[in-house]
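Report on the following structure.
Order of writing sets the labels: A, B and C. Residues in every chain begin at 1.
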């Protein structure tokens, strides 16, 4: 994206950010609370504009196309999102949740839905746990399972990019570990952008890292170099835990 | 002093419950026999007679009133539900926190306080001006009832829609699902128990309203004969029979009163159960 | 982009923009219909009240001669008085009962009792007006006529409020029925308001050595008073518009009242009683004007009630 600025009303939450996110691989966005990383990631799939009085300046490009020139719903089908707290559709079964995007957005037949559900749940490392109870209510799963369900649901929509906004912050350490493993597996096929306030998670999981502070991009580069030889003083302070 | 006042407040509960108990008791004692008599739901009312005349009184039944009530509330619901639910959807999904949405919501609030007789006068005046021939008809009666139902349906649907967590709407948006699909097939479905409860409650209320029907449906010994003709209804018939001097008619009136009370009681219980199940489902886990 | 799924983009239609547009229009129409209904209500009643409204103008509101279809003379003052007086007395009777019940339910009743009793009281709210009227006719009126009213006449006759001959159908009986009908509303809202008072208020009072009654009356209820007041005004709104129960108990008399035991009429019962025999456009338009007056009164009262309640929610009571 180039020169992206995002506003809430008159408040500028993200300032003049220019960044190129690499294909296939995990990019982590880190920074202290309130630095604008959630706002930033929500600009990437045009979720930010759903907030009241929200505004965006600048452009975001996917494969060369400016996503703000396209239909928002089309954009969101190509760029999926997983949220901080799992939000499965409460009235639907596990199967229906995962297949939701396909059922609503296309005229896929039952066999295709079955196949999609199978593959998504496998990729989300949830298949073994639910394969016999696909018709059970989605809300009967534990928190960690529900989040993996949401990941499966996002995958089933066939996106090119998967955005994750602090996906593990509401979960226990064991579920967090499972999800980190699955992100690791996902990066072979998808471009993943993950926002996290947990630096260790970023270090473990990502290939590239961007550090944001007060709405501005401070530094961006391969994860290893960010963590071991940060170029900016600010980055170094954050990483060594001097603030945030 | 403390005990005195505690006794007082406890007493208020008792005082409040006395009329309720009395109503139930009176209805059951005076109307119970009528309700379980074989012809109650199928026959027309028997000829008026008073117990002092010595002849055997034929009780008959209240079939015309029952069928009339059914027709009226069905028609009224047919009108009120689409309007009320659409308005609620508009307020919550398109107008939330915006002035227009809040305005419509306030209007619904205020409309729910319209006295039932005024609703009847309104519909009558409307027909009198534009279609006087059918001013006294099932159609006008149904319209009057729908005037009372629309605000209730709108408000309860609005509440139900608001209980759907925003996270679900966000999830649907993030998947690229069109708004109309996600609203109807996900949000509304989630809120459906609450919406249906609201509808049932407003129907139960409408079934018991006599005042608006005095001015519109008017009453008809033969029950429903067509949308353009007057029609009988239970609350109307209760009014006429209750003020008459005839014993069998009064007994029928109590029977109908009992039916109405049970209807309303049933709806309350059902709605409470539905609300509980809805809450449980949304929390799941 | 590497993907293991065959992308079904072929079958993905660009999201039907028209689907969203139509939907938006349809639900917007529903909202519009609602507002239209409110406007039409006033407009139709207004135009329907011609020619009476142009004949009398505002004096319709205070002409006191009895409603007379034969001489074609109409005035709504007796009925307005009837409406206001019966509602006022109803509130006088209902408010202490309701607030007392609300205090009981929130402060004193054992927890397992609170829910069921509250629900039973709300059941009272659901009983149809006509059933109330019927019951009043059969049960309440005789009691009033043979027991309560003679007693009042003897004991409080000196006040001049009970000078008429008691026949059971009068202002007082109608007020009593209204009171019973309005109690559930006031109780429910008072209960909510009192329950919304923060716990620390009560605990603070108790820790200073107050009894439960003192805590309730001096700390909690005053804190909740605007909410309770809003509930009372809402109850007033209900009472003003009540028709069937009042029609059956008030005695159908269009003269100005002399005492609480006089027969009388409210705006609502006037319309109910006179409508079916209304002769000709003149009387009809007068009745419709009465309806308009009633609508305006209840409308104002309801707006005030909701305003008060809204302010209470916003400032004092936290709903959780």
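Criterion: a contact is a pair of C-beta atoms (placed from the backbone, for glycine too) under 8 Å apart; a residue touches a chain by one contact, two chains touch by 3 or more.
The structure presented is a predicted model; accordingly, all values stated were derived computationally and were not measured.
In this assembly, C is the chain whose CA centroid lies farthest from the centroid of chain A. Relative to the centroid of every protein C-alpha atom shown, the closest chain centre, again from C-alpha atoms, is found for B. Separation between the centroids of chain B and chain C, computed from CA atoms only, is 17 Å. We define each chain's centre as the mean of its Cα atoms; on that basis chain A and chain C are separated by 53 Å. For the pair chain A and chain B, the distance between mean C-alpha positions equals 48 Å. Along chain C, residues 15 each make contact with two or more other chains.
Counting partner chains per residue, chain B shows two or more touched chains at residues 176, 178, 181.
Across the assembly, chain A contributes residues 73-74, 77, 105 that each touch 2 or more other chains. Note for the complex: chain B touches chain A at residues 97, 165, 167-168, 170-178, 181-182, 185-186, 189-190, 281-285. Of all residues in chain A, those touching chain B in their complex are 45, 47, 50, 52, 73-78, 80-81, 83, 85, 87-91, 100-101, 104-105, 137-143, 146, 150, 153-154, 157. Taken together, the chain B residues at the contact with chain C in this complex read 1-2, 5-6, 8-13, 15-17, 19-20, 22-23, 26-27, 30, 82-91, 93-95, 100, 103-104, 106-111, 113-118, 120-122, 124-126, 128-129, 147, 150-151, 154, 176, 178-181, 183-184, 204-205, 207-211, 214-215, 218, 235, 238-239, 242-243, 253-254, 257, 260-261, 264-265, 267-268, 272. Put simply, chain C touches chain B in their complex at residues 15-16, 19-20, 22-24, 26-31, 33-35, 37-38, 40-41, 44-45, 47-48, 96-98, 100-101, 103-105, 108, 117, 119-124, 126-135, 137-139, 180, 183, 187, 211-214, 216-217, 237-238, 240-244, 248, 268, 271-272, 275-276, 284, 287-288, 291, 294-295, 298-299, 301-303, 306.
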